[in-house]
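By letter and in written order, the chains are A, B, C and D; residue numbering begins at 1 in each of them.
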Amino acid sequence: MVPLARELTRAVGGDAARHVHLGATSQDIMDTAAMLVSRRAGAVIRADADIVCAALAALSGEHRATIMAGRTLLQQALPTTFGAVAAGWLNGVGTAAQALDEVIEHRTAAQLGGAAGTLASLEGRGPAVAAAFADELGLAEPVLPWHTDRGPIVELAGALARVCGATGKIAGDIALLAQTEVGEATEEGGAGVGGSSTLPHKRNTIAAVSALGCAEQAPGLASTLFAAQVQQHQRAAGPWHAEWLPLSRLLGVTGSAVAWLRTSLERLAVHPERMRANLDLTDGFPLAERVTTDLAGELGRLPAHELVQSACQEAADSGRALAEVLTERLQGRRTGSEIASLLDPAGYLGATGAFVDRALAAHAERTARRGTGPAGDPARNRSRT
Amino acid sequence: MVPLARELTRAVGGDAARHVHLGATSQDIMDTAAMLVSRRAGAVIRADADIVCAALAALSGEHRATIMAGRTLLQQALPTTFGAVAAGWLNGVGTAAQALDEVIEHRTAAQLGGAAGTLASLEGRGPAVAAAFADELGLAEPVLPWHTDRGPIVELAGALARVCGATGKIAGDIALLAQTEVGEATEEGGAGVGGSSTLPHKRNTIAAVSALGCAEQAPGLASTLFAAQVQQHQRAAGPWHAEWLPLSRLLGVTGSAVAWLRTSLERLAVHPERMRANLDLTDGFPLAERVTTDLAGELGRLPAHELVQSACQEAADSGRALAEVLTERLQGRRTGSEIASLLDPAGYLGATGAFVDRALAAHAERTARRGTGPAGDPARNRSRT
Amino acid sequence: MVPLARELTRAVGGDAARHVHLGATSQDIMDTAAMLVSRRAGAVIRADADIVCAALAALSGEHRATIMAGRTLLQQALPTTFGAVAAGWLNGVGTAAQALDEVIEHRTAAQLGGAAGTLASLEGRGPAVAAAFADELGLAEPVLPWHTDRGPIVELAGALARVCGATGKIAGDIALLAQTEVGEATEEGGAGVGGSSTLPHKRNTIAAVSALGCAEQAPGLASTLFAAQVQQHQRAAGPWHAEWLPLSRLLGVTGSAVAWLRTSLERLAVHPERMRANLDLTDGFPLAERVTTDLAGELGRLPAHELVQSACQEAADSGRALAEVLTERLQGRRTGSEIASLLDPAGYLGATGAFVDRALAAHAERTARRGTGPAGDPARNRSRT
Amino acid sequence: MVPLARELTRAVGGDAARHVHLGATSQDIMDTAAMLVSRRAGAVIRADADIVCAALAALSGEHRATIMAGRTLLQQALPTTFGAVAAGWLNGVGTAAQALDEVIEHRTAAQLGGAAGTLASLEGRGPAVAAAFADELGLAEPVLPWHTDRGPIVELAGALARVCGATGKIAGDIALLAQTEVGEATEEGGAGVGGSSTLPHKRNTIAAVSALGCAEQAPGLASTLFAAQVQQHQRAAGPWHAEWLPLSRLLGVTGSAVAWLRTSLERLAVHPERMRANLDLTDGFPLAERVTTDLAGELGRLPAHELVQSACQEAADSGRALAEVLTERLQGRRTGSEIASLLDPAGYLGATGAFVDRALAAHAERTARRGTGPAGDPARNRSRT
């Protein structure tokens, strides 16, 4: 700061020169600069997050009825739709980006306290100068100087690490869906970008992997910022200095993670036929409980359960199709086509459609509520923190 | 969950028995329980935080004019007041507790998605049941099941780690102020609690140290929760399981940190005479710039600066009082009492009074806005997350 | 400590009573106890790690020639063997467990320094008493009291977190191999343990997932211990207290992670036929470069490359088998069986056999070198730290 | 890597060109480069650590008899010597630097495994090439490729974070000792470097604070590396990429922390007279137990204890000197000079002298054992990891 203040004084010249840096301490400038940088970085992150959310909203609507396996503990469980999956991604990253936005818009606060946080050298005009300073910069005016109250830093850290997590979750799922043996979604980056003609089976999800590689750096960086809150007296001896690089890196990895996810989604090819083929690997077993329910009225619950369980066992042991075994056993009670219908995943999608609609509505509401942001209108950020 | 569902089924009995756990998966119960536990823990934390804030508000008002050294990098810098110091503590922990409250009140969401997040076994009634479930429990109704969207967990983690940081900052300052050589504030826990008649110089700030010991565990725990956001597909294979203990411990260390800080403040004795004596160790040097400013009009800025700097040098080299050297050098321009007045810290407290008032007003506003909380009226928590 | 010392004094009685706790401070007892607990926990971890290593060594030898896909970025790349995969697991967890062992055996140090680390109340006999104390407990005798030099704690933390990582890596791979669409290895825990007759497709790797859930808690806990090294003066005001629970939890999650991995391996079923079938999904493309190399001598490198690349392109575009296209194009130069041989993964396993042998030899060496451990012979741990 | 390999191929030319990057995958080059960079960074860190240790050894010897207060929980407890304090610092940072050295010298391993860790494209010569590769670079030859066994990375991470902790502990103590009210050690960096003529009371320990600011970034970075151990299959999809920046930053902050500590020690001025004056603030109370012990033989333990405790109480309540009260109460039993001698801290320094000697001997042994390091003689690093 010392050479900067000297150069500024020189550049300003005249009577104004003696007002350069008047009343301020180095930390005032550094903290305020960190907030301004965070706002600029935040605008970049938001722009990419907007594109990510738009892409996910489109995927969600488009694949509202695309049946695929829902997976738990990495195993196929019950059917779901890719629309519902994309709706979950959208809601996760959309709400995380919105929460970051709130912090960036309303909580990035100017810092002006002078050497010991009293603004003594501004005499009686300290608070007025601090208010004008915040106003000029479009930053929130804090109740007090926050030299050793690092709330604004950790709010930002938490919001950034959350965006990284939501981004990493989606990127991780894409990498899993693109596995050679799964192949339900792939990044199609063209020759030289994760694919090649000599290795046509290889669909490296370079962008998703890069997003993950960035996102996974956030928790450690955030923990450094959380730990640095214990700052001594009026200005700290170490913890403040420990914030500089982690905050900068955290903005960097968040921006990179979101940008890589955007790229991944731009390259994303969805393969509904593979989704369906993979789901068929489980041969209707996940829906066996529907048959039990269907029979419970006429057989009683327990006998129905035992009948179905025994059929499942036979199918699994013999390798015969479950529908075939059930049709055999339920002759006279249910036709083959009734059984096929009970075992059809398309009939067991629960609230997936409603969830897609809800996610899209919430997305639309977030988008509408936002309008122009802090870059567009700094005057909106007049709140006190 | 399996034995619990079995026991509940047995306990319920009759026709209702078949509705126990219907449509739910283990994670629904675990996540919802985690939210309910967090609300209960949050109420305990808030109750202690309220007492902490009330104590700090009282200290801040009471010591609005108690002069002490403002310290930067662990060195005395410029004068401040203990009222302003306590106001900074109040604002830090008060806003952190309020942010936690917001999360606890509005963001703790019910979880009900069934095995793959589709609520398929509830047939068309999934969303309606989920809404009723959230309502019954006084938890927010999420837009979608959040089995692998861990926003609610990390919002909580971030808010808890922030409270720990704000608490640790205060506890750390108390431990520093209580140092044998500083002695400006001490914990007076009575015989056997940090003090003893045979070691009357020893004022162990047991409570503040314990608060710090708890608070410093938060960043690592929070980082585990942030890292665990990358959860696979519809329900995760590891990261979800990795959340259980850290969330529980994070609630625990936050509650303990705040409770220990409460105890520390209950025991706190403030020693204004030591504050003043310590400040006098610096013999007016921090205020030398006021003399420069005062002389600048009649001497010109640069000559005034050089005169004062040379006087400081002489005082430092010779060990004479700065006031004495300045009086000698400024004979005919300023009287000894004018110089004493310029060097009097009481005249150079800047905005400390205003800052105390602002912090108290913000505290009053937070207190008023809150009123009864979630425990008092679950109906207030109807927001969708 | 105070009530414990009182009870011990009472229990000892007589003249000996006044020697209870003589010269010691609470931290001496707590730190020494932490080391003793760590040794006991370490013995448990080692016992499970030994079983894990033995199981992996057996798998590695047994599957030395079991061909499977080597996967990079979650995509099939080149062939490898399951023996080589298990050898990598063995080497990772084996060396991590050995490093932990070294720390547990040689670096767990007794603590005896008295209130300020000077052993003043033992008069001239301080170091002799400290040496006898360490000897009695079978702990290393430190050069100095380490009240605020936390090397012994963080060495342990690093070694434990490394074991967790090596364990988590294996568990993660098992969960991936067990995916419904991959099915190359599964946990066969029997009915009710990750599998069921009604959901025969579901092979939840409960044990591997639990191992991961434990392992993923280690980095955050370790970071708290690393951060707690900055301890003030002769005994710390907070950071030491912040160590207690994380160290205890870190021992816990490491022990649990290794125990769960042991269980996972006990349940592990390997499916070589699925490994081969999955590898065949890539239809020889990964080995196309072998054909290029084979032709380079007679055609020149570039023409050979272009010929093979063009064949690959045609096969990929048309969906025909690569071997078929190549046979057609290389008529007169190579027979169909020569081409089949070049594309046979069994001929392109590189050093997998040698690597299995090296991993088994290193394992045998580690096992032999160890012999009886600290529990067996405390006298072995006489090194000074 | 792709453009680098292309440029190298061009630069090499001729027949050799086709051997460039032969058999290697990008990760081989990146990991090996990371190890080479770590060795170079390690040499720089060691050089500064050597200077730090030499400075601490000199301080320890020089101040073997310099009495000061031993402090616990930031309170004066019992007397110690600054020599013993410096010996503790020396032992902490010396053993941490040695442990880092061990890792750098013996555990930095070459990486060569090819695309799937099988070295298939090197045909039968894989292990031989890998051995020659390691030899050429002076790196350890690993048992197996360690693409997804990150032991070498986390050993390094743990060792670096330990050095940071040991460095931060010393820096933190210096900052505390330099407090305005303590003044026992200061950084004398000259005008403009933490001090100024207008603020002669200000002794900002800029270097120590900067060391702390660097050191406190290590735990978060290390935790990211520990977490990144869970790498999938043969080469990872994210966690490996997450290592790059944190490892680089961790080397950076460790080097900076040690360099700043070196600077701090170069600037360090020790003030024995302030040490003594501060200790005298406690007026002999810490040594009261010596009087009890001295009287126990003739009065019995309990009466002796009660007499001394009552004298302490009176002194504390009345503000009179403890020696004076004791002399009055023990008239006929002990002379004033006998009492003064019992209360003299110089007689109650315990094993501080022995501890200084032990720390210096251990330091000498570490220095001797090392001799020339890896940079001097790469051939020494032939161990297999």
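Please note the rule applied: contacts are C-beta pairs under 8 Å (C-beta built on N, C-alpha and C of every residue); 3 or more make two chains touch, one makes a residue touch a chain.
A quick note: this is a predicted structure, and the numbers were derived from the prediction, not measured.
Among the remaining chains, the Cα-based centre furthest from that of chain B is the centre of C.
Compared on C-beta pairs in contact, C-D and B-C come out with C-D as the pair having more.
One inter-chain figure worth recording: chain A and chain C are separated by 30 Å, centre to centre, where each centre is the mean of the chain's CA atoms.
With centres set at the average Cα position, the gap from chain C to chain D is 27 Å. The distance from the centre of chain B to the centre of chain C, with each centre set as the mean of the Cα atoms, comes to 39 Å.
For chain A, residues that reach two or more other chains under the stated contact definition are 71-74, 77, 168, 172, 175-176, 205, 209, 212, 215-216, 219-220, 222-224, 227, 237, 289.
Within the complex, the chain B residues that touch chain C are 168, 171-172, 175, 205, 208-210, 212-217, 219-224, 227-228, 237-242, 244-246, 249, 253. Residue ranges on chain C touching chain A, taken from their complex, read 69, 71-77, 175-176, 178-182, 197-206, 209, 219-220, 223, 227, 278, 281-283, 285-286, 288-289, 308-309, 312-313, 315-316.
Residue ranges on chain C touching chain D, taken from their complex, read 18, 25, 70-74, 77-80, 84-85, 87-88, 91-92, 95-96, 99, 114-124, 126-127, 143-146, 148-151, 154-155, 157-159, 161-162, 164-166, 168-169, 172-173, 176, 212, 215-216, 218-220, 222-224, 226-227, 229-237, 289, 301, 348-352, 354-355, 358-359, 362, 384-385.
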